[in-house]
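The next block holds one structure in the form of structure tokens; read it before the comments.
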Amino acid sequence: MARVLLFGRLADQAGWREREVEAGSLAALRASIADDDAALAQALEGPGVQVAVDKALVRGEAVLAAATEVAFLPPMSGG
Amino acid sequence: MITLTQAPFEPGALLTAFCAGRDETGAVASFTGLARAEGGSASILELEAYPGFTESAIEAFAVEAAARFGLQDWRIVHRVGRIAPGEAVVFVATASKHRRAAFEACDFLMDWLKSRAPFWKKEHGPDGARWIEPTAQDRTDAQRWD
Amino acid sequence: MITLTQAPFEPGALLTAFCAGRDETGAVASFTGLARAEGGSASILELEAYPGFTESAIEAFAVEAAARFGLQDWRIVHRVGRIAPGEAVVFVATASKHRRAAFEACDFLMDWLKSRAPFWKKEHGPDGARWIEPTAQDRTDAQRWD
Amino acid sequence: MARVLLFGRLADQAGWREREVEAGSLAALRASIADDDAALAQALEGPGVQVAVDKALVRGEAVLAAATEVAFLPPMSGG
């Protein structure tokens, strides 16, 4: 089970901020989200959206171990 | 040290604590960012952070800045959650032997914090809420150091 | 406002007072200059002012700086008399809508205060006392704005 | 009577910081000081020494009215 976190406008769009999703890889996780909400899955691949796995930024694909935290970060606005 | 806080904080108390017991410092620069009312058009600012991730990113950046400018010490406090006009959003203090380094490091940290730090910012005004992206000025300010 | 004081002062208390009730400010930059022990070689700093003349000169300079940088407000407190290591010598705060003006004005005021303001400075060390003139760095810093 | 004020190293050299001197002009004031302490009078004309009459800087000669304050300012060191 991966714990998925959404921030900023992505959380507003999804209507949730945190959810458990069964997935062994980032690709599987995106597919699982797309089954439920295709527009959200598209937004998660949108320009400037970064992905952090266990609080470290990753590019491209990633294997997800058990109890992994996956965060989707829209463009950061600064404070 | 970096602290994120949901509660309002007092910049002066932070400056007092930061200046205490420094007999070889010489220079302490500080910056306090306050939420602006914009004549009523922005009544509440809402800042979201990714706890753990946001502090680590700020810490890593500040440690690098401290080395670049030869700082003796630094302190950052950043508000998260809903912030009313006039309340402090961010406090940055830098300590060094001479003032040029303290000023430049404080300026440098602020430019990055305002444009590239992992926060997501929403403005709640009379016409509803909108997410804020960095301004062109923020990007220009940050690019001065690249 | 400019204040000269014989007594030690608390920079944090000044910053708190300066930030209070500002809902259109955005940016407050401050600088605190602390007396350095220099590893024991400078045990006491003594600053002499010409009461009335010194405040007028600082006030006139700061009013001009406020106009140049578009400041909303400024505050300067300067210690005079005998100052021990670790004690605050000078506090400058500047308020503006955006941070670039606040930083630059604070930096500008400090460069002038450290090099050209009407003070006479004596360092009392283990080998006696000596009068201090502005350093080459102070002059270079001040000339950046000419 | 002019009230004469000395600052910084000038006061150290003179051994006094404030004194009343009878003089109708700056030139007469300098002459009166020279009668008492020629080295001090010379230092008061030294490089970088400025003169303020009633807290305003003056260059060259100045007439001194009754109860005038005359300050001799060595090069300012900044704070």
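Think of it as A, B, C and D in the order they're written, each chain with its own count starting at 1.
FYI, contacts are C-beta pairs under 8 Å (C-beta built on N, C-alpha and C of every residue); 3 or more make two chains touch, one makes a residue touch a chain.
Predicted, not measured: the structure shown is a model, and the values here were computed from it.
**Q** So, what's the distance in Å between the C-alpha centres of subunit C and subunit B?
**A** Each chain reduced to its C-alpha mean, subunit B and subunit C end up 23 Å apart.
**Q** Quick one: subunit A and subunit C, Cα centre-to-centre, how many Å?
**A** 50
**Q** What's the distance between the Cα centroids of subunit C and subunit D, rounded to whole Å?
**A** Subunit C and subunit D have C-alpha centres separated by 27 Å.
**Q** Which positions in subunit A are in touch with at least two other chains?
**A** Expected reply: no residues.
**Q** So which bits of subunit B are touching at least two other chains?
**A** Only 33, 114 qualify.
**Q** So how do the chains connect up here, line, ring, star, complete, or something else (other)?
**A** line
**Q** Applying that definition of touch, give me each pair of chains that meets it.
**A** A-B, B-C, C-D
**Q** Report the residues of subunit C in contact with subunit D in the complex, numbered from low to high.
**A** 33, 47-48, 50, 52-53, 56, 78, 89-90, 112-122, 131-134, 138
**Q** Considering the complex alone, what residue numbers of subunit D touch subunit C?
**A** 5, 7-9, 12, 52, 55, 71, 73-79
**Q** Which residues, counting only subunit B, touch subunit C once they are in their complex?
**A** 10-17, 19, 21-39, 85-86, 88, 97-100, 102-103, 106-107, 110, 114, 137, 141
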